[in-house]
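One chain, chain A, appears in both complexes that follow, with chain B as partner in the first and chain C in the second.
Moving on to the complex of A and B:
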């Protein structure tokens, strides 16, 4: 119950933010929403199913290029259409990529996804006539729920209607993901992560469920990619580059993959940390890397793990001593 | 009584090494079969062939009159055979309740309910509780599996196999790594659970001849990949030559 209230409170704060925050920070919130959605999906595969992909920028790229193709090639403006097309496109590409990749696990899975990601990037880069090559493709201002917003200036669009649109989208994406990880389906994914052999003997079709998780993660990443492309007005091949896949991993590790909200916290921290570092020094990449190294060494469960530990210490200080000891020893409490 | 499992002239060879030679036996409804034999006799290979993990080089494996050679654990679980491992196989970070729920959800065919609440599924939760009660784990439902004692982990491993409502359960040394005193209590829980769950046959792979003597209705002895004996316990233990070959110098009974 407490966590439900916390999430509602956070959503309320985000909804009220445009009233108080400056325009600059509000424009940074759009990539936050985009990565939040993408990483929710990414973490279904990583945190819940135990498969670490180094190629999911591929699907972010599909979302971005879907937005570009629909607005500047087909001349259609509906953002709902863009979202559906991104998800469908990612789904279709993820079927063969996933089928081949989920045959492997661990580093082999990671390397294979990396390879597919690079393949897609070089396709974007080389097929200049279709994709615009290194220049990318323009993404025109989409309409939201049928409303034509092309008369607004860019900042007003991003900090106004698009902000709320993405916030609601993140809310729905989060709700759907929350239901998935707490469903029998989600339980099967966790069982696969914990012990695939045992899961198999309990009737779980391990590869098929890994594929399902892969497909869902791809669709989430593509929707995130569509939002990113709208915020910059450009579908850039860099979005599909392997370093961008690395950023996705970075953000999830930063936030904590063992926690449902970890990816969201990771996306938020990453974007604002990167922004701060970039304004302070040109060596921001160095400091970003150092931050990740420190997080992994000091708080392997990420910022959410750190928060939980702090919260746990706070609660433990209130709890009677015997329970605290049994908790610390890892021994279970006996029910009265 | 109908035949549940049948192997016909099963041979399994790895390159030049032949692990099983012409193994034929049957498991019928109501039976408790023990598979015994010294290390390297082919017990594990036989178990892996019976559970569809390995495809025999030649011969037939049939489960409930269907070809079961190499069909894989998932299909076999659906057909009604469950397996508990010699080494404890658990899901360390899942709770006891969740572990059992994995089996219950897959047996009820609810694995693909993407947006349904697991905690709110009364059908699943009720059966999870029932299975936990049979194995005396009902007070540990919310405990993470990795925090259980070794004996409890073993029970949980077996409980999750029972949660599949199997017709046949294959127990691969269920009491290995358990103290002698606990062995009998675990076996008693197992047999009682099997009765309650409507299990039609039990296959036990076991080193401890006391347990074999006490619970088996028939003993299949393997030696160097062949069936040396397929006898009821009384006949088995009355044949000094067989006992010597299987049990070694140690004499029991």
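Moving on to the complex of A and C:
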């Protein structure tokens, strides 16, 4: 109950933010929404099913290029159409990629997804006539819910209608994911993560469920990619490069993959940390890398894990609490 | 015929460098069970440092014909970065492999900026220095002697590595530790020390590889992340953890790339990833791997 209230409060704060925050920070919120949605999906695969993909930038790229192709090649502007097209596109690509990848786990799964991601990247990079090569493709201003917003200037569009649109989208994506992870489907996935063989004995169709998780994560990533491309106005091959996949994992671990809200917290902290570092120094990659090293070594449960520990200590100080049962995922995986 | 020899020699040169980096990756994975994404960063470090060393040496009056030993020496010297990094990795040996992968990814991010701080954002190169050794004719094509020397050096290193792993006492200890870390420790092997030396050796292969490549192509900030995926392709095709696999994989990837560049440039990397995917699907353990999944 308390967590429901907290989430509602957070949504209310986000909804009121345009009234108080400056334009600059509001434009940063769009990539946050984009990565928030993408990572919710990514974490279904990583945090809940236990499969670490190093190639999900592929699907972010599909979303971005779908937005580019629809707006600048087909001349259609509806953002709803873009979202549907990116989800369908990602779904169709994810079927063969997923079918082949989920036969493996661990490092082999990671490497196979990395290879698929790089395959897509070199396709984008080399087939200049179709994809614009390293210059990428332009993404034109979409219309939202049939409203033509091309008269607004870019900042007004991003901080106004598009902000609320993405916020609502994140809300629905989060709600859908929450329902999924708490359904029997989500329990199946967790069982697979904890012990695939035991899950199989109990009648769970391990590969099929892994594939489902893969498909859903791909669609979430593609929708995030579409938002990302609209905010920058460009779909370029870097979006599908393997280091971008690495950044996705970075964000999830930063927030804490063992927590439902971890990916969202991770996306938010990453975007604003990166922005701060970039304004302070041109060597921001170094400090970003150092942050990642620090998180991995000292706080493997991420920011949410840290918060929970602090909260736990606070509550423990109030009253001698009963043994806290770790309902969180992944802690066992951290220290096997 | 000319173009076939061209492809062969170009491909083998690329394979020679790739083999060094991939062998480092294999060694570290074989013993420490860590997939080191930073192997490309070591390669880049070796390349930049090699350029600086050669320039210093030339400024000090070294005859240009001696640049090859300087490059190899600089590569070996650069491997001194390995022990502190190994100390960092030590914190995650017992953790889930996703954390190990991420820690090496953080090294990739950090090294990229270290290169930028020390050497600046513009690519560095050694000009026409590699031509000091002249050219040789192979059949109807001429290639720089330097390229041939690198191929020979790589073959020599491969042979040395094979001898070292199979025939020496340290090689046996190393293989035992790779097989079963705890049992080796129980039998009195200083595992910590083995890990540190293996990681240093793996790094050295990467830095020497980077140093050897710079006379023929510029050192740039992107070379690290670009090479990682190729080295990955090599180890996947050859089989994770296998030295013979690294050799076979490097030759396949090197030749494939050279052939694709000449025949159909659009396919360059695409062809390699297609092979990787095909191998992973048909024979996930790779050509020489034994790891059962």
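To be clear about the criterion, the second predicted complex is superposed on the first by the 320 of 336 C-alpha atoms of A that agree within 3 Å, B and C clash if a C-alpha of one lies under 4 Å from a C-alpha of the other, contacts with A are read in each partner's own complex, and residues count from 1 in each chain.
Everything below uses one rule, namely that a residue touches a chain if its C-beta (ideal position, glycine included) is under 8 Å from a C-beta of that chain, and two chains touch if they have at least 3 such contacts.
The shown structure was predicted, so the numbers you read here are calculated from the model rather than taken from an experiment.
Contacts of A:64 after superposition on the shared chain: neither chain B nor chain C is touched. When the two structures are aligned on the shared chain, A:39 is found in touch with neither chain B nor chain C.
By the touch criterion defined above, A:110 reaches chain C but does not reach chain B.
Once chain A of one complex is fitted onto chain A of the other, the partner contacts of A:179 are limited to chain B, with no touch recorded for chain C.
Once the two complexes are laid over each other on the shared chain, residue contacts for A:190 go to chain B alone; chain C is not touched. Using the contact criterion defined above for the overlaid structures, shared-chain residue A:239 touches neither chain B nor chain C, since it reaches no partner. Of the two partners chain B and chain C, more chain A residues are in touch with C. By the touch criterion defined above, A:203 reaches chain B but does not reach chain C. Residues 334-335 of chain A lie in contact with chain B in one complex and with chain C in the other. Contact residues of chain A toward chain B in the complex are 176, 179-180, 182-188, 190-191, 194-195, 197-206, 209, 330-332, 334-335. Taken in their complex, chain C has these residues touching chain A: 35, 37, 88, 91-92, 94-99, 101-103, 105-110, 112-114, 116-117, 225, 228-229, 232-233, 236, 240, 265-270, 273-274, 276-277, 280-281, 284, 293.
Interface residues of chain A facing chain C in the complex, by the touch rule stated above, are 46, 52, 54, 100, 104-108, 110-112, 114-116, 118-119, 122-123, 126-127, 241-243, 246, 249-250, 253, 282-286, 288-290, 292-293, 296-297, 300, 333-336. By the touch criterion stated above, chain B contacts chain A in their complex at residues 51, 72-74, 77-78, 82-83, 85, 89-94, 98-99, 101-103, 105-107, 110-119, 121, 124, 139-140, 143, 147, 157, 160-161, 163-164.
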